[in-house]
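In the two complexes below, chain A is the common chain; its partner is chain B in one and chain C in the other.
Right, the complex of A and B next:
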């Protein structure tokens, strides 16, 4: 930080030469479009005609009463159960079970558990559509093979089951990430804490609540931010597996933005949905970050 | 002693293996299916293919036009990775080490890009690209992806350059090195692990990117692999061996890079998010 003084004979703006190319591309292709999305959300526009009609907050007023939008937003929030809560519980369970022991071969397990994170969500979606296929999918075939025909379903075609089915794909993607994250964090906790707790007669659950959880606060923050944002941004997976169906049962805001803007040409309204989606993501990220830093300052 | 230790560790391995298998079985099933015939695939996902048959790959590659999608993905990804890493090195160096009037405004503005989803930019971006006739070109995919990558890259490289040892740079300055020389001769070699992490992350994000390519590209021959696969599924969803082969063509390069550089992937994704 402290080398930022000028060198002799150097222009005040020398640093700008280094910034300019990168920042320019960012400003033109990312930052300006963000502002333009917000501006567009105050207009009515079909995407073709020359004149956009300024309608103030009308798009936003309509959003509040739009059952489709509310359903999509609610589905994103329900996805947090599958993307965040279940993976974090699995991760904590495993971390507290394995504790701080260094296991030979852990690198291999870590690499495997992390694998879904690097795969294209289109590949993940294609794979799970096959697994869930009612006729030749391995899930139903397996159930039939062990005589549980009654449990076979049209997983992605059923109004009640499609949502938890797509959600469980999210759990499959995220739980290994949470495990790896928490196991790494466990290495930092001093064994003394656990020994002292055991002397005081604390059981495994108490050790989890009073030692593991507070010590893993930074990792919990990372897990929360990453997985909640993933739940709120779901698009590829829904596009590939269900396209929001059957009916609107797996509709999410990301898919609603795409459909409204590019299939229905209702540009202003789609921009309003996108703006709300972005604000929600920002707000949640900032709340978690604030929570994290305030605790760091206390410590 | 070792036997007692083994007994103690065994339950841990059993549980770890169980959770690992839940992740690996679908992927192994997919890999096996890619080598099977239509009839073989009905015998269950974990039945071994009778031979290493490449027909499905050939069919996806030629009939499915994955050869074109592959070329498009390689062009877009390599340009984005090289340009983004180079530009992020410059911006990170400037923010961390150079006098930058307006830093207090510019730096937070850059970071916003790291958090926004493509949904927040895609609508005006499409109409903008359309108005300058860049839809259905590589530029429509490359430029926005560089913008997004530079946003994260700036954050990543700034935090690295801030922690770089100052003594070395001061010594170099006294020896008469310019700022440019300090960056490339002294800092760049030190930054290798940070840069390698940035390379694999940007490679992965660009290779897997979906929405941007879905919206910007209408011409089938210009599609990237993930979008190509999504449309391919629309046509051949019942042909599992063919779908599996297509999926492996999409996932193959990233799997290969992951096998070699998995430490950098994991470190980056665990560490990159901390700074988010």
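Right, the complex of A and C next:
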């Protein structure tokens, strides 16, 4: 018998044709710039003149001893607390409040709590800069109005408070995203599990730990990856609110790249910082994905 | 208002043509009339400044038949980031404002993107219009490495001086006078504080204006030679000096005594100026560029004075200089016309228009023009003339090295936040300076 082996549907060629526009855009606007960035990181270059000097790994060697880079990297890692851990906890809490029972005005709450996520980060930054203004910002004015003058601070200018202040803006942006993700996941969980658990005498907290959380593993994976990436590549928020200050207390690698490349004309070094961050982000994403798929295979 | 502007420009051109108002730079031959478009990038984006530019441009077009100005307006931040790449293009801007200092003008000279203006300077007699101290701020050696000497690469239309703005209403109500010595100034600060008024309206969240507060006082303690050597990177001076430490400790003293706005570290530059303009705070220390803003939409009256001398045996300097200069792209095919445009930008007519807008021109006003006595503009004008006459025009110290701005901002925030001593501050900044001097050889 001579049956020609064919895939169902249209020919594979057609399939690639459909993908072409997307692939082209990806290659031109993402893949090529990444390759160029990696290439640039091996040069000493101001970004526009013709004297581009190949220096091998020198930029990378200098990175290791650069206290500003290490400080910025450490700040990025600290941002994971505000961008990932706290939003996931708040998201879980809100999702379990909104998810299980039909509440009146549910759509309103869901949309309202998600809203920060769809705003441009520059808008968010400018708004919060105003909220944190020590003289006419609503935060301090509110505190003064209820007699808590002792708690008023110069939020973004204080060496101890600037970092948590900027971080909490990140929390405000990310928690709605986590909540909506978890809400969607919860709709997949059969009510039967909860009924069975209730019969066995499990309280609400135990139901969360033993039923909701394990069932939400895929959503948790997505939330982890996106929010950790957000924490590691934060730029706009810092640029608008503190520009890395006071001192270096909110300096992050994203801002360092901008400053080194465009204000100090050291594109090669900035490209090295960017390349290292790309590798770090890739590695973390891979680890989380690995962890997630290995669990799915077990299940 | 914006829509009315083209109409206004046309009327202006008509008026000029009809009255045959000869532009003042007609003494020098105008390049032959031919059809061309001159692309100009500037950063005069605020309304007041933008109107001056539009007027100058349309007058230039009227005086040079066949020449069209294609104006592109950007903010300084935007201009800094995009200009370097644009100047490489064969269709890039013919004329552009190029920020002074090493990371902008210096880097562009190094990359051979700017046209040396020495010949045009002789042709248009710019050297007679500007002092050598002003010209050196727009000069680099041809390799772009030495600042302050060599070729001229730009001409600046505006001037700047950093001093003290004061609220006349608050001063009059309390019988306070403009201080004539630094001791009087500090006594005044204490008096204002005792009245429960903020002595110095200040916000350091944006970073850069802390450099001006510190450096304004620093300029009273050091010599003109020192500040020139430091900024131009010559004669191997150090930042780690007793004078710079003294200036930093004066800042910390003022922080301790509460002379700055409460919570200044969390307030931005524009916000602090808005509060000052609304009548909060008796004084603020910043540059003459704010004067235009302070005369519009406010019921308050403001004056301006230079920080008074601390030591009578020292030259009382003030931070100052000329605004961002216009330069010509090296590969421009309209270099002669571009030079005529530059001359137009620094003509007496330009001076007149800038003055009307309340902004200090870098060149002298046309003969016979009068300045309103006692106005804010006349105060800044007097201040600028004083430091010019006394040869006491200082520098923006953030030009010193390509990383100096960022280092100073971070370290001064530590000084103002009192997490660093003056000695630690000068040592940290000196580290930046020494690394630069070593690398620039």
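Everything that follows uses one rule, which is that the second predicted complex is superposed on the first by the 265 of 299 C-alpha atoms of A that agree within 3 Å, B and C clash if a C-alpha of one lies under 4 Å from a C-alpha of the other, contacts with A are read in each partner's own complex, and residues count from 1 in each chain.
What we mean here is this: a contact is a pair of C-beta atoms (placed from the backbone, for glycine too) under 8 Å apart; a residue touches a chain by one contact, two chains touch by 3 or more.
It should be emphasised that the depicted structure is a prediction, and the values quoted were computed from it without experimental measurement.
Enquirer: Look at A:47 in the shared chain and tell me whether it touches chain B only, chain C only, both, or neither; answer first, second, both or neither.
Expert: A:47 contacts both chain B and chain C.
Enquirer: So, A:129: does it touch chain B (first), chain C (second), both, or neither?
Expert: both
Enquirer: Regarding the shared-chain residue A:242, is it in contact with chain B (first), chain C (second), both, or neither?
Expert: Touch partner of A:242: chain C, not chain B.
Enquirer: Between chain B (first) and chain C (second), which does A:18 come into contact with in this model arrangement: first, second, both, or neither?
Expert: After superposition on chain A, A:18 lies in contact with chain B alone.
Enquirer: Contacts for A:176 in the overlay, against chain B (first) and chain C (second): which applies, first, second, both or neither?
Expert: A:176 contacts chain B only, not chain C.
Enquirer: Applying the touch criterion given at the start, work out whether A:61 contacts chain B, chain C, both or neither, answering first, second, both or neither.
Expert: A:61 sits against neither chain B nor chain C.
Enquirer: After superposition on the shared chain, which partner residues are touched by A:218: those of chain B (first), chain C (second), both, or neither?
Expert: Only chain B is touched by A:218; chain C is not.
Enquirer: Once the structures are superposed on A, label A:196 by its partner contacts, choosing first (chain B), second (chain C), both or neither.
Expert: Once the two structures are laid over each other on A, A:196 reaches no partner at all.
Enquirer: Output check: A:262 vs chain B and chain C. Expected answer is one of first, second, both, neither. What do you get?
Expert: Both chain B and chain C are touched by A:262.
Enquirer: In the superposed arrangement, does chain B or chain C reach more residues of chain A?
Expert: Partner touching more chain A residues in the overlay: B.
Enquirer: Show me the chain A residues, by the header's touch rule, that chain B contacts in one structure and chain C contacts in the other.
Expert: 47, 129, 136, 262
Enquirer: For chain C, which residues are in contact with chain A within the complex?
Expert: 80-81, 84-85, 87-88, 103, 107, 110-113, 204-207, 261-268, 271, 275, 402-403, 405-406, 409-411, 413-414, 417, 419
Enquirer: Tell me, which parts of chain A touch chain B in their complex?
Expert: Touch residues, chain A against chain B: 1-7, 10, 12-16, 18-19, 21-23, 25-34, 36-37, 40, 47, 90, 94, 97-98, 101, 103, 109-123, 126-131, 136, 138, 141-142, 172, 175-177, 179-181, 184, 218, 221-222, 225-226, 229, 232-233, 235-236, 239-240, 253-254, 257-258, 261-262, 267, 270-271, 274-275, 277-278, 281-282, 285, 289.
Enquirer: If we count contacts the way the header does, which residues on chain A are in touch with chain C in the complex?
Expert: 46-51, 129, 132-136, 140, 152-159, 242-248, 259, 262-266
Enquirer: Contact residues on chain B for chain A in the complex?
Expert: 9, 12-13, 15-16, 19-20, 22-24, 26-27, 29-30, 33, 41-42, 44-45, 87-88, 90-91, 93-101, 106, 109-110, 112-113, 115-117, 119-128, 143-144, 146-148, 150-151, 153-154, 162, 166, 169-170, 173, 179, 204, 207-208, 210-211, 214-215, 225-227, 229-230, 233, 237-238, 240, 243-244, 246-247, 250-251, 254-255, 258, 262, 265-266, 269-270, 273-274, 276
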